[in-house]
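Letters A, B, C and D mark the chains as written, and numbering starts fresh at 1 in each.
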Amino acid sequence: MNSLDIDKPIIELENKIAEFEKISRENNIDLSNEINMLSNKLVNLKNEIYENLTAWQKVNLSRSGNRPTTEDYIKNICSEFIEFHGDRLYKDDKAIVGGIGIIGDMPVTIIGHQKGRDVKENIQRNFGMPHPEGYRKALRLMKQAEKFNRPIITFIDTPGAFCGLEAEERGQAEAIAKNLFEMSSLKVPVISIVIGEGGSGGALGLGVSNKVAMLEHSIYSVISPEGLSSILWKDASKANEAAEVMKLTSSDLYKLNIIDKIIKEPLGGAQKNIEFTSDKMKEYIIEQLNEYVNKNEEEIVFERYSKFRKIGYNL
Amino acid sequence: MNSLDIDKPIIELENKIAEFEKISRENNIDLSNEINMLSNKLVNLKNEIYENLTAWQKVNLSRSGNRPTTEDYIKNICSEFIEFHGDRLYKDDKAIVGGIGIIGDMPVTIIGHQKGRDVKENIQRNFGMPHPEGYRKALRLMKQAEKFNRPIITFIDTPGAFCGLEAEERGQAEAIAKNLFEMSSLKVPVISIVIGEGGSGGALGLGVSNKVAMLEHSIYSVISPEGLSSILWKDASKANEAAEVMKLTSSDLYKLNIIDKIIKEPLGGAQKNIEFTSDKMKEYIIEQLNEYVNKNEEEIVFERYSKFRKIGYNL
Amino acid sequence: MIKKLLSKEKGYAQVSVNKKFNTKNVDEKFWIKCESCNSNIFIKEVEENMSLCPKCNHHFKLSARKRVNLLIDEKTFEELDKDLVSMNILKFPEYEEKLERYTGKSKEKEAVITGTGKLNGIDVILCVMNSEFMMGSMGYIVGEKTTRAIENGIENKLPVIIVCASGGARMQEGIISLMQMAKTSQALNKLSENGLPYISILTDPTTGGITASFAMLGDIIMAEPNALIGFAGPRVIKQTIKQDLPEGFQKSEFLLEHGFLDLIVSRKNMKNKIHQILKMHGY
Amino acid sequence: MIKKLLSKEKGYAQVSVNKKFNTKNVDEKFWIKCESCNSNIFIKEVEENMSLCPKCNHHFKLSARKRVNLLIDEKTFEELDKDLVSMNILKFPEYEEKLERYTGKSKEKEAVITGTGKLNGIDVILCVMNSEFMMGSMGYIVGEKTTRAIENGIENKLPVIIVCASGGARMQEGIISLMQMAKTSQALNKLSENGLPYISILTDPTTGGITASFAMLGDIIMAEPNALIGFAGPRVIKQTIKQDLPEGFQKSEFLLEHGFLDLIVSRKNMKNKIHQILKMHGY
């Protein structure tokens, strides 16, 4: 089942309403009662579907090709943005974008996984799956942010770090480990927002943060549902069942105290109204940044440390 | 003219003495007067030749295949040594070796260019010409030394950083620049010893140090004599003339206040008696290290800064 | 090939010692075939030889408890948090049963043993992962015990040694397992800021979340010869690139060449090498 | 090809504007052929267009003095150490003559101009290298002026901008030239420790010791399009590898792809882009 399947009954109903309107118009018949009834039904249907998405439906929504990406949010929440490239070591990994942006009137460093918005861009962006150089670029920009006392915003949206030969050769594990290590002592606040897929260590490599928020329909998990079902049940087709037991939705993770905030999406998902989603996101970021203005470096580092220290401590 | 040419008249005389001794022995003739005379002549000849080496002869001596390398000195001056590999980014560059050694009773981090001692090893070591990953390994080990408050010894012996496609692709310039930048603020003392060829930026990449010493017959220059003569005179064969104007010998550089110490080599060069050279070297290192025991971090950084700051300041 | 065939005729055990050690049949067979040199060797001889092949020095897997004994001076090991056991926080199907099964089989309660002890007289913190317990996967108890051990090191100014052996995250604990990567890495950052050395020792296999956290964060990283070390497992990579992997890919020697290991040390020299490094750090 | 031949028949100047600008014949010719798009263009038009090709935006070399005027608000530039001139410390043959010749030709005393000025109203330190003066090579005066400018930035808490254009070390100053790499790099380290931003701008050509020191040390590194940037020059590399170099090798776009540049900025946008970055740093 993909995201289109979720929308299918809604689209059918919308088509029906459009048809009625056309008939009414062309034949000058009053169908307003019928149309009203269907419109009400549509609202209910949307509510029913979108408010009761299964975990697996959310997985698909979080991955859907029209879901807004890091660059889309940057465009919407920043008055200015300059992208900075490269890890200064080996390559500019296009699966991660980063730079300085202005949110409200505050300069921040923004770093995020970047998926493509069409096939061509997806190939260029490696479907948002970074190589080690992506994590090293991210770290470079985080250290730069720390030097100039800029808060850091990261957007998480990756199926995972790339599992290829060259990625292993160049130290995928080292690059992620180093980021976890270095992020944990950054002297500036780091706010992470999972905007789509938060896949495993590849996601966490941008996620050792003071605050971790998730868009309502995004997911965050240790492995993909497909991966889990093939490991545990030797059957990748049971991914939907796997998704249900994994606790990977924003509400699950909020209940588990792993994330700090769920950012509301419009009915049907972020792609239906990116301005709405961006506004909510911007609001959250500004609110958080204002809080950190009065905190000193030690408080910031201590807060972050405590956040992760307690996961599996008081159990 | 190569190093063998320098030794040629000496070897001829040595052969003659051996011949006389043989004749004397086999025929029971007393040739002791002749032999004594020749032996005296030999001492004088050696003195004359080795004390008056031309710059170009020193260039050849510094490059000669039997000149002791970093590993040879490590073996001779350390009671223990453990080599550490890798830049944690891309590769273990065998043109630079590094690790922890014990000199006297002091643990130090030792890093040096490593030339091969035969053709096979030279290929493996890339003739002592590092790629960027060599400089990055060096920097990693220097930062490790700083963390554990270990002094750093570097041995300089390279024709230069490697000038190849991949070296450029992976940022040869960045790697060297980063080392200059980072070495300048290391909180532990750094002592460099030029043991053979100190070639250009590739040498300096291990050379931003509190003290820079040179073995008597080593060289240190901005470019090779061959390179200079081909740039300035469009004629690589004038390298010997170039060497004379370049001021690249230890005594030239001592007079120019670029280096702090000339470490004496045995007559004929370090390879004639590596124990002698190593002892002198060890003596120098221990004497220096003892001085730094009583200096604090600020003094150490300030001393290094001042050393390079004044080159071309009070002119 | 001929050797292999011959040995088959003789009816020797054909499974690798790794698998063998995990089955109840161990005592029923006396012989084993070394997967490296193909020699037929006494199991007992292997066991008495630090689980090394007496012929070719092949490193078979070593249980965590034996590793502790190998590295720590006799009667000096004091285990920490040995009674911490995992709960099924996510209510993941059959997780309790699995834990019970592994506890019974391995006689250990979790996939890591932590404690303090003396290494040739030097006080150290030692954590040893146990690949026999649920593939050495990192649940929150593994993360918690490791973190507490590191914190103990910080408090008592002791060097920390972690012997890694793991298949990665513990699926049954989902995101909680993932977050242990952050938890342990940040503890190591604190250790580092306190100027204390951390030696990471990678053994076969070290993959997944362990590699992408504390395995790769050692001030000094050493590995046993021929250990599998990587982020993604070979099977996953093969699926991704749809090609066979090159010979020796993700083995210790490969990682050394690619700059991710400081040194490869044979099991026999491990204790002395650690001791030498600690001495060089003033212990 | 046909286009080229035709243009030859018309008798237009065939040399590149780079060379042209350095000869006394500049005023004798009106036309020039752009080396990128092959268009025939008025020299005057190029000069009035920031030395950009009006047809294809090709970036011709720009003299240091013009660069200063391009980046700094009118009448706000105060040059520093403008009378420092090199002496022949090594007594290198014909060095004085060479210095004199270049001084005459370029009307500058050394290969770098340093000073303070306002960039869209923001106080900055600006150093601009001059590739017309002895290939923009770094002698001790270049090193000294640059270092003093950086120190001025530290003292007055100003951001530092260095526009690089250099063939590398100054051979005639031997080891003294080499040491300027260390001197400038350590000054930038101090600037960095003072939390002040350094923007490095790479223009055609940036090679040798400059690249291996301050060029690559920018907090933000930008380059003009299609500039040659590298450690070793293409000729040397070709000799080493005995192969032709790949298309675009060591050009700005190549370095961006390989992770060594933050961004490529057209000369026309350069001042505004720097201004935007400085604003983002609180200036």
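Keep this in mind: contacts are C-beta pairs under 8 Å (C-beta built on N, C-alpha and C of every residue); 3 or more make two chains touch, one makes a residue touch a chain.
This one's a predicted model, so the numbers in the text were calculated from it and none came from an experiment.
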Chain at maximum distance from chain D, centres defined as averaged CA atoms: C
Computed distance of Cα centres, chain B from chain A, in Å: 55
Cα-centroid distance, chain A relative to chain C, in whole angstrom: 34
Shared-contact residues (touching 2 or more other chains) in chain B: 88-90, 170-171, 174, 178
Per-residue multi-chain contacts in chain C, two or more chains: 192, 216, 258-260
Graph class of chain-chain contacts, one of line, ring, star, complete, other: other
Chain-chain contacts as defined at top: A-B, A-C, A-D, B-C, B-D
Interfacial residue positions of chain C with respect to chain A in the complex: 87, 89-90, 92-93, 139-141, 143-144, 147, 169, 171, 173-183, 185-190, 192-193, 208-209, 211-217, 230-232, 236-237, 240-241, 243, 245-246, 249-250, 258-260
Chain B residues touching chain D - in the complex, by the definition given at the top: 161-165, 167-174, 176-178, 180-182, 184-185, 200-201, 204-205, 207-208, 220-223, 228, 231-232, 245-248, 253, 256, 258, 304-305, 308-309, 311-313, 315
Interface residues, chain A side, partner chain D - complex: 80, 82-93, 100, 102, 107, 133, 137, 144, 147-149
Interfacial residue positions of chain A with respect to chain B in the complex: 88-90, 136, 170-171, 174, 178
Chain B-facing residues of chain C, complex: 192, 195, 197, 216, 219-220, 256-263, 273, 276-277, 280-282
